[in-house]
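The next part holds the structures, each set out as structure tokens.
In what follows, chain A forms one complex with chain B and a second complex with chain C.
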Partner chain A sequence: MIEFKDVWKRFKGTDAVRGITCTIEDQEIFGLLGPNGAGKSTLIMTMSTVYRATSGEILVDGHSVNTEPGKVKELIGISFQDPKYDRILTAREILQWHAKVTGVEKGVREKRIDDVLTKFGLTFEARKRTWMLSGGTKKKIENAKIFVQRPKVAVFDEPTAYLDVPSRLLVWDMIDELRDEGSTVLLATNMMDEADRMSDRVGIVSKGEMVQVGTPDALKGTLKGRDIIEMTLEKPIPELPAEMKKIEDIQDAHFEGDTLVLLLSNGRELLPHVINIATAKGAKVQSVNLKQPSLEDVFLHYTGMKLA
Partner chain B sequence: MKAQRHELSPLSVIWLLVERDLRTLVKSPWILINRTVFFVIQLFVFAVLVNKLVASTIPGFNYFDFYSVGAVVSTITSIAFIIGADLFEEEEMGLLDYLLSLPFGHSLFVFGRALGGAVRGLIYTAPMMLLVAFIDGYWSPAGILGSYVVLFVLATGISGLSITLAMVIRSENRFDVVIAMAELATVRVSAAIYPLYYIPQALQPIAAYSPVTSASDLIRWAILGNASGVGNLVILVLFVAIFFGLGSAFLFKRLEGGRFE
Partner chain C sequence: MNRVLTVIERDFRIFFADRFLLVIMFVNFTIDLGVSGLSLSAMIKGYGDYFLYIAPGANLITATVASFQSGRDIWRERIIQDTHTYLLTLPVPKPMVAASRLFSGMLRTTMTTLPGTAVIALLYHLSFPLSLVGVLIMLVYSGAVCGLSVIAASMSSSLELFTTVRSTVQVYLSFFSTQFYPTSILPPVVTDVSNFNPMTWAVESFRALQTGSVDVGLFLPLVGLSACLLGAGFVFYRRAMEF
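And now, the complex of A and B:
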């Protein structure tokens, strides 16, 4: 179990983490979802004893990060956002050293390294010095450290950034496997689909605060009874959103490019009415799409900002 | 359930940290070759020349022998100072974050790194020392072994000093200046390459207590049989203890305010 109790981290001039409190259960995959600069990495580094919290307390399996950092270090493994290892060494050397220093039993070390390298298709690349490898490969090696270590608490900071689609799916499966084996997983991401696909619970982080916590479904449920209509027009009509908001069931209306986005209750019944209003205002409707709120809409709702 | 994690003893941690420094050393052999060539030129051109000049003014003083030992000591000193710059590079690459997240305490980290720096320095200078002992004509295994021990202890202390400075200064530009001065102070203001009584009066007390002086004199005592032992040994050991302690104490600063500049 990981407990964050009113954690603050202040760098010169910036409050990167502003009073985060939350609890992560054993064997849970907890997604930290937030845009760049939200404070996800800082929270992770503070939990991992790399930074000292300005105030507040973090307990990992009951051990305080402030007073028993040694105990905490023995439990955790972090795949950093930017790969962190000696560029002069080969992937195999990096993994061997990491396995030794994190106490992986001698008998299983080489087998685990071989397994992970084979899964990633890196058996050949693993002989080259890492500085010559591509960004995606470097990221895979950073993740590989944790898949070889198999720590009690596994932390992944944007594990699939720079990865192609098959590799993303592979990393997701490998993280699932790690959890099934008994690890607790903390996963920071700015990708909706990743948070939705991976997390048992998601914490939405915005400007250093955790603004909402819940299962992806529960979070989507907070917008329950709401539908979204996306109506693409030939060209946007500026007065249309204000016109739409006059209807009682429509909570929000705005343009995204040529597309009018409506957040409303009873979308199905209102659809013809909405199209009529648009046409009456001289809009040429090119396509209409009625959908349920996604995690992205939830995120938008709670942070007032888009991710990408 | 989770596979058994096995506990690392402090000794294995230190060895792993040293191993890391060695792996990187092995990958860049040209630096080693470079240093050796420079050393040999310095010895056979500079020292031979000056020896002739000195021989005519101070009869009976063998400057070549004196200098050759000091040159090895100065070389290992400047190599040992490099470890602080390594830390800046590691900070820049984010490696320090990684190293500080691993399961060992900060004192062990500083000690391991200082020893790593020392082993690296010894690997560079071991062949030089052998060459010096051979051409000076003092060929005793115990003497050579003793001088290796002295070089190693000195390099551990200098590495500790360098780590301490890197942790306290935290700005790479300022560090480069301070290290250059520290190297100047420890090597030039010492009896490494000229005898103590030729150093300006005002600097003599400093030079007398310089660990570089102690190391040079200890090795001269071990292989050449002149100079003295015990006092120098005490200075050397104190030096190591002080800077190892300070290095670990100052590492905590790294955790307070994020990155170095």
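And now, the complex of A and C:
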């Protein structure tokens, strides 16, 4: 379990992290969302003992980052957004050294490295110096460090940046596998589909504060009136919008051509009821489309950002 | 202890991965000793065999270059590659990281200069124990330069600053010392400066081995200064680890 207790981090008069309080459960995949400069990386660096919190406390598996940094470092492994390793070395050398310094037992080290390199299809590239490799391959090696280490607390910062679709899916599967084996995963990402698919819960960080925490579905549900039902009828029935507006959760109803457009909350639950009302009024429904808010909408709403 | 060795192992892997750099260092030593030493010894008379006089200095210059690689590695980790933060997340205590890096710098330099040290030991007809003292002088001297290079790396935020500091240190070590010439022919001010220079103490300690004994009066100040610079390097590097 990771506990953030009123954590503040100040750099030269600027508060990069402002009183974050949050708990991440064991074996949870916790998505950390936030615009660039929101404080995600600072929070991760503070949790990883690199930065010292200005005030507050972080406990990793019960060990304080402030007073027991050594114990915390034994538990964590970080895959950084930009690969951080010695580019003059080969991928295999990098993984060998990382495994050794993080205490992976000698007997299993080489097998794990071989397994991960094989999964990533990097058996051949592993012999090359990493400065010669493509951006995607470098990123895979950064992730591979953690899959070889298999730490109790794994932190992935943008794990699928620069990766093609098959590689993204592979990394997601490997993160799931890591969690199933007992790791707690902190996933910092700007990719909403990634956060939606991977995270048990999501925390949205904006301007150094944790503005919202919850499951992706729960967060989507907090956006009232953002569901849309588009019901195309054989021909419009003028009294239907007024009839629909009598339902409490429907904020607006109007026709756009032959299509009745409803703005509402709890669209999925109300859909059968809405169809029943329409057919009871003599409408012949040709098609129905339900649109729900995405995690992207949630993100934009809570960070106060707008699409450019 | 295992993790100290692992940190040292990384430094060795990085250092010896750049074989071109090692070749350049060896070529520099060869040119210094072979070309400069031989040609200058033909020109300079009245100071004994100038070739033998200049030989330890050539090896110590190589040691200076190799030792500054420690600072260069740390500077590159901090400013270019940002592997500095990666290292700080690893389960090795920060003081242990700092001490290991300094120690590995000394070991790397001693190993790099080992062929040169052996050549000079042969030229000086040193016994095996005195040859080992020669290796020890190289180790202690490299500690002083590693300390200086790590201080420079910990304080520099630009490549220009780091390379300028490196050049300045190299000028001080080479030209304000007795590497090329004895203090008797130096201006008084330069003599005073050169008397407080690790290069002077190291090169004179090495030359003294020709007499068949160790000049403790030269060697101990070198040990003291190396310890001070290593300590300062440790403190500055530790400070650079705090955010």
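Note that the second predicted complex is superposed on the first by the 239 of 308 C-alpha atoms of A that agree within 3 Å, B and C clash if a C-alpha of one lies under 4 Å from a C-alpha of the other, contacts with A are read in each partner's own complex, and residues count from 1 in each chain.
Heads up, the rule we're going with is that a residue touches a chain if its C-beta (ideal position, glycine included) is under 8 Å from a C-beta of that chain, and two chains touch if they have at least 3 such contacts.
From a predicted model like this one, the values you see are computed outputs, not experimental measurements.
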Simultaneous placement of chain C and chain B on chain A, clash or fit: clash
Chain B versus chain C as contact partner of A:183, first or second or both or neither: first
First, second, both or neither for A:127, with chain B first and chain C second: neither
Which superposed partner A:108 touches (first chain B, second chain C, both, neither): first
Chain B versus chain C as contact partner of A:284, first or second or both or neither: neither
Touched partner set for A:45, first chain B, second chain C, both or neither: both
Touching partner for A:70 - first (chain B), second (chain C), both, neither: both
More chain A residues in contact - chain B or chain C: B
Touched partner set for A:97, first chain B, second chain C, both or neither: both
Touching partner for A:152 - first (chain B), second (chain C), both, neither: first
Overlap of the chain B and chain C footprints on chain A, listed as residue numbers: 45, 48-52, 70, 73-74, 76, 78, 80, 82, 84-89, 93, 97, 100-103, 129
Residues on chain C engaged by chain A in the complex (per definition of touch): 3, 6-7, 9-10, 13-14, 17-18, 81-83, 85-86, 88-93, 242-243
Chain A to chain C touching residues, read off their complex: 45, 48-52, 70, 73-74, 76-78, 80, 82, 84-89, 93, 97, 100-103, 129
Interface residues, chain A side, partner chain B - complex: 11-12, 45, 48-52, 70, 73-74, 76, 78, 80, 82, 84-89, 93, 97, 100-105, 108, 129, 150, 152, 181-183
Residues of chain B touching chain A in the complex: 1-8, 12-13, 16, 19-20, 23-24, 27-28, 93-95, 97-98, 100-105, 255-258
